[in-house]
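Down below are the structures I want you to see.
Each of the next two complexes has chain A plus one more chain, namely chain B in the first and chain C in the second.
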Partner chain A sequence: MNTLTRSTHSSGTRGSGTRGNHNATGWLFTAPVLIILGLFLVLPVIMAAWVSISDWTGRGSPFAAGTQFVGAKNFEAVISGGGLAERDFGTALRNNLYYVVLVVPLQTIASLFLAVLVNSRVLKGKGFFRTAFYFPSVTSSVAITVLWLFLFSATGAVNKFLSLLGITGPNWFQEPAGIMHLLAQSVGIDSPPPAMESGTFLGVSWWDWLSGPSVAMSAFILMAIFTTSGTFMLLFIAALQNLQGELEEAAMLDGAGVWQRFWYVTLPMLRPTLFTVITLGLIGSWQVFDQIYTGTEGGPAKTTVTPAYLSFSTAFNNQQWGQGAAIAFLLFAIIIVFTVIQRVLLRESDSVPRRKRMNPKPSRGRSLWPR
Partner chain B sequence: MKTPRASRLAAVITICVSGALGLSACGSGFASPSANESSDAGSGPISVLIASSGDAEATAVKAAVADWSKTSGTEASVNVASDLIQQLSQGFASGKPADVFYLSPDQLSGYASNGSLEPYADSLANKGDFQPSLTRAFTFDGKFYCAPKDSSTLSLVINNDLWQAAGLTDADIPATWDELEATAKKLTSGNTVGLSFSPEVARVAAFFPQAGGSLLSSDGKTATVNSTENVKALTFVKKMLTDGSAKFSSDLGAGWGGEAFGKQLSAMTIEGNWISGALSKDFPSIKYRTVELPAGPKGKGTLQFTNCWGIAADSKNKPAAKALVEQLTGTQTQMTFAKAFGVMPSVISAESEFRKEFPEQEASIAGVEYAQTLPSQPGAADVLKDFNAKLATLQTSDPKAILDAIQAEMTATLSK
Partner chain C sequence: MATLISDTPDTTAPASPVPGKSRRQRQGKFIWLAYVVLISLAMVYIFPFLINLATSFKTEPDAASDPLSLFPATWSTLAYEKLFLNSDFPLWFGNSVVVTVLVTCGRVFFDLLAGYALARVPFRGRSVIFAGVVAVMAVPGVVLLIPKFLVINQLGLYDSYAGMIIPLMADAAGVFIMKNFFESIPASVEEQARIDGAGTFRTFWSVVLPMCMPAVMTIVILSFQGSWNELSHFIVAAQSPELTTLTKGVAQLSSGQLSAGTQYPLKLAAAAIMTVPVAIVFFIFQKKIMNSTAGALKE
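For the complex of A and B:
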């Protein structure tokens, strides 16, 4: 429980005995993990990096003779080739961008809300609710996708429910229209302004960039929020339980209302957890693959293709291994950039940097007061 | 203190990586000499990888392979892939692919050009017996790569009960586009639409030859996607979709035309021979008949589909693999397969027996004469996928614009 004791303990052992011996033993004990990591992580990454800059055709080892270095050719085909490969990548980026932009904030808010709810003192049967909310997270995503396909089918439960309310539901997983386009249509904009039609970025016209997620993708967005908010709720609960009741009581004595207490006392102290949740959310939602693979395989009209799925299908189905690997590395770069951006954003808004140290890590639970 | 540790770490990483490289090198090192050895000797068990439409197909193939195994004395096993293309790609990359496998024409060029496939079909004893259109589909760079395992063509499938309920008789079987539209309108009522098919080029393109068009020129070197004939055909399809007498199966909440047909969401559908197997399995109570697709302004037209028995270049026992394929594509085995899961034989010698055995499949056989196949040039599969994506929004888009876009893509692909 207490890292303070643990850290003194470990530094004590390191100081005693002959260092060389210890180091050798240390390496010996870590060797299995290092070998496993090298074999299953470092080596595949190196191989993929090589494939992305080579003309490997998918037969035999990529390191075998006959595989030529082609420079950035694969990357060029994907980001500036002017062909189908570029347009597919642009489409995949657009799809996933809307997915991320909607999923990450919504799942964070939903999970925080659920956590506050099941953490409240007045709630009875907390255990039941925690289990219930966490349940979607422990269920296999393939199983949930199948469930979702049934729920959101043309004659599925969701549309039956909507029809009770007098709404004709869309044919969810078959509807390629973007929701922004549908909104535009409802206010009478049926066709794009010529300027937005002609200009393109990554082979996709500006009008199509602004389409919003397709109805099919929206169903996946709802699913992602449904499945992941339970996991992140758990993180928030852990953080909330380490917060000091005293602070909240003090705020209450000062006359702060429920909302003020949450906004000015609880939320700032949750910032490290918030960072974790948003980072994990960003990474997870940029890598979305299994739902697409089992659910729609990119359809309808390619509106649920994501870079991860595109990388897979480019490599395995089209035998364009170099381009597939290149897409994977571009995706990697995108995730890094987004993570850095959100790190900077979360840091900048922190007016009292020192407060960060008072983060509710479990071990420092009782030592929040200034030392 | 920091520097030595860092360098030591680097050293360890280097050792691990090189160790791992060594290990993987050993892996392939073991594989390749033995492969060379035995391909000369021609021994070793044969593994067969198939993608099955259902239990009937898997059982029939397993039985046929077991038969061959017994008479030839070579061990052989059949695996049913859940994702055939992915498993094939994995096999080729590892240097240990399945010896014999199903292969679709659109995958042929990719695997043939990286040398994964053995071009064995030219030396088959029954090479001349295959239907010429199928032989063409599996010829790449002048080499006949693999033996077509069966054949299917699209025809019009009609629900007998709904047909009679709408007061239609044999005389009303649509022979032209106008009649198709009129019949479909008569059959549309309540929850049932007259005609339904999947929103994909593999169905819609059947209308192109009926208007006199095609996706490629006859030598396969030029894209003719946006020809006036094709525009006419696609406009006709759009018209049927917008006036409500036809609907895409996806818009009916069905996975494919056969499902919409089986659930009686549509009275007619455009599907291949495989629908008979699917209907008897999932919707045994449906009574139906198949007729030839109606002729367009330029006559009859349909699409032909097929798969072949591929043999891996890395197979350790190619002679045995070839012998197995020879037996599997033989007239008798193909008739067994036809009875088991409803495909048409790929060989001419089985045709008369097939006609006798399955008079109800007359329409499919007749289609073979005038059928087109979908382009299988390198990269064409990708363009067709994009075509499918665009067809999904056909109802709200301009047919000419769709065809123009695909024309540009197809031209770019062919000129690569």
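For the complex of A and C:
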């Protein structure tokens, strides 16, 4: 936080005679933003907090007399109710967990790889390559999803391409089987061990927890990498250009090879950006909604339901507003927990290289790209 | 290609302990490999969009039988005719334009004002407000779907342009960007204007703003993209067909809520058209867009 507020002193040296004037101006200038953000971001959270502990049915105002306080009932139904709500939440959690676990590392590696390639000093046509890789990021998730549904349809371009290689592709968006289950099947494990069948967590059996992403979800995972790697590539390029190359040259003089230079010199200095990219990736990939709404609406067999979509459909389609709001808060908590864990992990391993850093002003750990 | 590369000055070669020639050769080999990898990757990134465009001009059987080809067996503009003459598509497009323009204007103005005040005006509560703005940036958007609906409904804005537009008119990230940019401009210029007798607003309008045009363009581009591509907010803010925007309309077309079936050429034509405005803005302001991340991060 101190880096963020550090700059507030920049003009605080003026005489105190204009203080009152400054106060009025400051509040006047920030008022529109404060009102809008307050009304449509802060107030909603408070209202949703009330709805999540009430039995509001969606009719009239949630603050009207008919709405009762029900305590943690909605939360209980979702995380320990033993019913459909719990199983759906468990399934959504599993689906999104596999999505995050695959998307975050893959998009980080892909974007770093692209950035290093494009940033190469002797490369011609940098602009073209940057444009090509970044373009998917500016198009809307709806348009990309429509395109993806076509590319990955049973008779789509991807399967056509696979058939040229002699592979019969699956019917991607209709295929609920998890890829880990498919792998298990390919080595002869068709049915789950009884222990994994009977034990459950959040209404989902252990066998199903280990299913891996469904084939349908895998197509969404590929799409996420396709659409986000360009944005993150730009962040990495910016950081690489900040490095000035002096240290790299020094390493080159010492006879370090390309790979050594990257691993021991460049990568440690990219740590702040790496942190930004992973954090943004984590936050973004827990919020999968547009793709699901446009593409599969949670199917096949609920294997592409995500907590964000489940919260939406529970409230708007099933009119279970309390449960929907409860799921939204649980999702919020998950995102915070993941971000904090990642922050702690990276900070600890960060402590030594930080001193070695040449760049006196490491880029701030914050991006300017809202989603 | 080899000649192109050997033309570029190799600053490191003379100082290198390794004999110049062999290093240059090794680098040349590496670059050649990099080109191969880059070009094939670029193909992977571009090809889907070419398929999108090509398929929108195909007939339905053609789209199903030869999805990879970039040249329709028979050129057909049927998909586009259907979209523009026999569907709500023009209405969706119009709604998207209205919403995007108003949201962008609002964001630029409000973010500018707030960013300027937070960077320059030393008023009481400034650091609290800024901390609040940063905190708001951390709130994940989809978590707010139900909450936003509740408030919009409560305020009587549900199913109206106001409900679709006003909540998007200020964004914390934009305020953050503006504040950063204002801080990158030396304060001495303003002090000078103030000594000459200009008031805060006057200083802001005729001295600071002209210097901030690059930052303003960044906000324009980001809010244009953001509001043109926005989906979830419009889902929870309105329901009547007259208020459907492009994203919502195409999403419903795609998921079959409008019982469109598998009309891939039609859906892909819709996807292509909705990409055109952002693509135009992107290609005009490419440099700006690419550098805005870099510039802002560098401080």
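The definition used in the following text is that the second predicted complex is superposed on the first by the 332 of 371 C-alpha atoms of A that agree within 3 Å, B and C clash if a C-alpha of one lies under 4 Å from a C-alpha of the other, contacts with A are read in each partner's own complex, and residues count from 1 in each chain.
Operating definition for what follows: contacts are C-beta pairs under 8 Å (C-beta built on N, C-alpha and C of every residue); 3 or more make two chains touch, one makes a residue touch a chain.
Just so we're clear, the structure is a prediction, and the values are computed from it rather than from any experiment.
Asker: Who does A:134 touch here: chain B (first), chain C (second), both, or neither?
Answerer: Once the two structures are laid over each other on A, A:134 reaches chain C alone.
Asker: Per the contact definition in the header, classify A:73: touching chain B only (first), chain C only (second), both, or neither.
Answerer: In the superposition, A:73 touches no partner, neither chain B nor chain C.
Asker: For A:84, decide between first (touching chain B), second (touching chain C), both and neither.
Answerer: In the superposed model, A:84 contacts chain B only, not chain C.
Asker: By the touch definition at the top of the document, which applies to A:22: first (chain B), second (chain C), both, or neither?
Answerer: second
Asker: Give the label of whichever partner, chain B or chain C, reaches more residues of chain A.
Answerer: Higher number of touched chain A residues: C.
Asker: Scan A:301 for contacts with chain B and chain C and give back first, second, both or neither.
Answerer: first
Asker: Let me test your reading of the model: by the given contact rule, A:258 touches which partner, first (chain B), second (chain C), both or neither?
Answerer: A:258 contacts chain C only, not chain B.
Asker: Output check: A:325 vs chain B and chain C. Expected answer is one of first, second, both, neither. What do you get?
Answerer: second
Asker: So, does A:153 touch the first partner chain B, the second partner chain C, both, or neither?
Answerer: So A:153 meets both chain B and chain C here.
Asker: Intersection of chain A residues contacting chain B with those contacting chain C?
Answerer: 23, 27, 34, 37, 39, 42-43, 61, 153, 155, 315-316
Asker: Hey, which residues of chain A end up touching chain C in the complex?
Answerer: Touching chain C: residues 1, 4-5, 7-8, 10-12, 14, 19, 21-30, 32-34, 36-37, 39-45, 47-48, 51, 61-62, 114, 117-118, 120, 122-124, 127-136, 138-147, 149-151, 153, 155-157, 160-161, 226, 230-231, 234-235, 237-239, 241-242, 249, 252-253, 255, 258, 283, 286-287, 289-290, 293-297, 308, 311-312, 315-316, 321, 324-325, 328-329, 331-332, 335, 361, 363-364, 366-371 of chain A.
Asker: Mind pulling up the chain A residues that touch chain B in the complex?
Answerer: Interface residues on the chain A side: 23, 27, 34-35, 37-39, 42-43, 46, 57-61, 63-64, 83-84, 88, 153-155, 171, 174, 176-177, 299-302, 315-319.
Asker: In their complex, what parts of chain C are in touch with chain A?
Answerer: 4-5, 8, 10, 12, 15-18, 27, 30-31, 34-35, 37-38, 41-42, 45-46, 48-49, 51-52, 55, 63-68, 109-111, 113-114, 116-127, 129-134, 136-137, 139-152, 154-155, 166-167, 169-177, 183, 187, 200-201, 218, 222, 225-226, 228-229, 231-232, 235-236, 246-247, 250-251, 254-255, 262, 264, 267-268, 270-272, 274-275, 278-279, 282, 286, 289-290, 292-294, 296-299
Asker: Which of the residues in chain B come into contact with chain A in the complex?
Answerer: For chain B paired with chain A, touching residues are 8, 12-13, 16-17, 19-21, 23-25, 28, 85-86, 89, 92-93, 95, 110-111, 113-116, 199, 248, 250-253, 314, 379, 381-383, 386, 388-390, 392-393, 409, 412-413.
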